[in-house]
Amino acid sequence: MSALLQVRNLVTEFGGGKGQPGTRAVNDVSFSVERGRVLGLVGESGSGKSVTGFSIIRLLERPGRIAAGEIFFDGVDISRNSEEEMRRLRGKRIAMVFQDPTMTLNPVLSVGTQMIEAVLAHESVSKEAARQRARDALGLVGIPSPEERLAAYPHQFSGGMRQRVAIAIALLHKPDLIIADEPTTALDVTIQSQIIAEFQKLTEEARTAVIWVTHDLAIVSRLADDIAVMYAGRLVETGPVSEVLNDPRHPYTAGLIASVPSQNHRGERLHQINGMTPALNRLPQGCSFRTRCERADDGCLVMPELALAGERSFRCIHPVTKVSAS
Amino acid sequence: MVTSIIRRLIQAVFVVVAMTVIVFIGVNVIGNPVDILINPDANQAERARVIAHYGLDQPLWRQYLLFLQGLLHGDFGNSFVYGRPAMGLILERLPATLELAISALAIALVFGLPLGLYAGLYPNRVSSKLIMSGSILGFSLPTFWVGLMLIMVFSVELGWLPTNGRGPTLELFGVRWSFLTGEGLRHLLLPAFNLALFKTSLILRLTRAGVQEVLPQDYVKFARAKGLRERRVIAVHVLKNLMIPVVTIIGLEFGSLIAFSVVTESIFAWPGMGKLIIDSINLLDRPVIVAYLMMMVLLFVVLNFIIDVCYTILDPRVRLDSKA
Amino acid sequence: MAEHDMQETLPEPGRLSKHLADFFASPAAAIGFVTLLVICCLALLAPWISPQNPYDLMQLDIMDGRLPPGSESMTGLVYHLGTDSQGRDILSGILYGLRTSLLVGVLSAFAAAIIGTTAGLFAAYMGRRTETVIMRLVDLQLSFPTILMALMMLAILGKGVLNVVIALIIAEWATYARTVRATALVEREKEYIEAARMLRLPGWRILFRHLLPNCLAPVIVIATMQVARAIGLEATLSFLGLGASVTEPSLGMLISTGYQYLLTGLYWISFFPGIALLVTIVAINLVGDRLRDVLNPRNAS
């Protein structure tokens, strides 16, 4: 039980209940994250990667609910926690950064108010002390003249600055784990790099664990230590980033990597994965990727188990090998 | 912010001027001014005198200027019925109407806001569905009929509450108010509830719609992710955003409450402006009608102006952008 | 994908029947519709089914005044819902009153819809100054509540049912104009209008053959709701003594005449007409509510 976070066989359903199965957005997902390490949780939209993040912090939108599985955080299964116990964890030990910085801050409250309330939610300190903490946090993420900025409202900040504020809020209590849900997707490339650098510094200095939810493999290759690839609610491949990206085993992972433009040479036709992501309530029988996979045969009509190979695992009976790929 | 206020002021003046034109055309061109203006009991000499006094022998644009001149001095002529300045009559009855409208608005808010919030936060509960069905009824029930039924139940059958008038009043800031005495409060209760019924449904539905729009927003989710207590999430993050549309509607509906008080005032014999205007229309008391209409126009323009200012204060996006 | 898009833009042959099926999928709407149908039939057939003609003073017997429900007249006629102070059978009064209410409601909503839709289309199509003038007028009008507008018109025109109808039309047209203009503005930008302009089709043809049909759905929904509002407002104005005359009472007038007797416990003169009014308005609102859901393109999935 050395890992900070261990997710075991997590199932998150939307709808259903009372014996009726709902739509499984997250299906039998297991992974772990250690202190000071970054896990890149990768997948297309609708693959369940964001829902996994929200399941951990338990901020699922109705009618979503955790139907099965365990989430061990620092040795305690928090999936059985009461709502109040979860509240004490949120923002304090597990923080979250959202995708769209223009939507995460409340437009009618000043940045100061939104930071101070976050401090006061977990610590009974004076308002002035909380304000000082907020000021320091803003300075830490590189926002100039933090004192003045506290009185400002979100719309007076640029998108990148707003994301820095959101990160500053996430850092207020020096959390053990940060779940970052595509935090750079809505930002310019230059700002992206700055934010990523910010996170790298963080994991090194404060030994904070990070789950970085994204569809961008380029970011994962720069930032993450480990990678977990999701497809249609299931993990299809996990392992150390360098190994998985250099030598993908699951055809879906291989397809994703081949689709990144930089992986192609000029003039070469860009690789694409055939077909579209299937709807979660109309998944094909057996392997969910079967209908889009060139390697599929009748053996794929049964859902393959996650095969373990050292630090890595993959869910495929016809795995890609370096030889067959080249 | 100053420029936007000035712009709004100009718009307000434009509305007032436009309404004076409409009222003027309505009364003096569509209606027969001689018929309406002159007391039917007047003799020939009197008729000629009044026609000359109002300048009815003059061209229309001059008549309009004369009309405007009167307005600027608050001079709408004397009421045919009471023989006193029309504006004075209106102003005398204004506090009673304001008291009724403010009470009704307070009731509508006290019931509409929490119920709407509840129905919005827990849309699937049976109680929420009951609340929403009830609000449809509140929309459909004719106000005047509900007033009668209130009288029937609470005054005639149960004998708990009085049916007409303001009851004893007390003076505050030079104006007499009913709500300051226990008996006056009893008189106020039924009319205020009657007038509030429709607006309660409206505010309730609006609040619920607002809650359902704000709740799925990322900033609410982020507020929860910060570990805020649910109470603070609702009371600060949801409510503060909700207040912007609600305040707008409250301002607009307050004016509509004053207009609709004609019905309630007639039923409960509440001595306000509304009852006066109905009597005046029935008796063709033209100076009072014009005075009332112009009073309402002014009231609405002022209200709209206040809403705009409130809106600016509530929404930092509007406030700070217009300053820059 | 392309195939899918085609299907959405092409009008489906069974759209009406699909809308109908959608409409009746809601039990509340079905109940509202049936109730409304019954009310309309009752109103239409009033001269043949009502026990007496409440507008014919010869048929009224002042001796039968203020009889409670279920009383019997000298001639053996049973007053199921009682009589008013003039000896008028309340049931007959309600049936005839419904005629007035529905007529006023439908007539004013229809006329306001035509005027408002035309103004809105015109504003959207012409643009520039015409649009500014029309929309300023609409804004001006909508910044005042309906009842104030109606009172103003009645103050100018004088009392009477016809004047109430005129007042309602003037008070309500602006709502249509605003909605139609908003819808038409969206439509105006679409390619088929551009194409029609390219073909040099005459302006009126573009307006009525191309723009209008696309604005009809919101107009139908507003019109339905406005019928209910107009009925309520007519009743209110009649109650205030500004509408129907005492000798030919509408529902509002019946309730008004019962008002003074209410205090002495004679509830039925006001009570039953009020129920009739309430049922009518609720039924129309239920139908309108459902129409809004069914005809809303955003909900058509």
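So that you can tell them apart, the chains are marked A, B and C in the order they are listed, and the count of residues begins at 1 in each.
Note that in this section a residue touches a chain if its C-beta (ideal position, glycine included) is under 8 Å from a C-beta of that chain, and two chains touch if they have at least 3 such contacts.
Chain identities (UniProt): A = ABC transporter ATP-binding protein; C = Peptide ABC transporter permease.
Since we're looking at a predicted model, the values are computed, not measured.
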Touching chain B and also chain C, the following chains: none
Relative to chain B, chain with the most remote C-alpha centre: A
Cα-centroid distance, chain B relative to chain C, in whole angstrom: 24
Centre-of-Cα separation between chain B and chain A, whole angstrom: 53
Whole-Å gap separating chain A and chain C, where each centre is the average of the chain's CA atoms: 55
Chain A: positions in contact with at least two other chains: none
Residue list for chain B, restricted to those that touch at least two other chains: none
Touching two or more other chains - residue numbers and ranges from chain C: none
Contact set on chain B toward chain C in their complex: 15, 18-19, 23, 26-27, 30-31, 136-137, 139-145, 148-149, 151-152, 155-156, 163, 255-256, 259-260, 262-263, 266-267, 277-278, 280-282, 284, 289, 293, 296-297, 300, 304
For the chain C and chain B complex, residues of the former touching the latter: 140, 143-145, 147-148, 151-159, 228, 232, 235-236, 239-242, 252, 255, 258-259, 262-265, 267, 270-271, 274, 277-278, 281-282, 285-286, 289
Residues of chain B that touch chain A when the two form their complex: 216-219, 221-230, 232, 236-237, 240-241, 244, 314-317, 320-321
Interfacial residue positions of chain A with respect to chain B in the complex: 57, 59, 61, 87-92, 95-96, 98-100, 103-110, 114, 117-118, 121-122, 153, 155-156, 166, 169
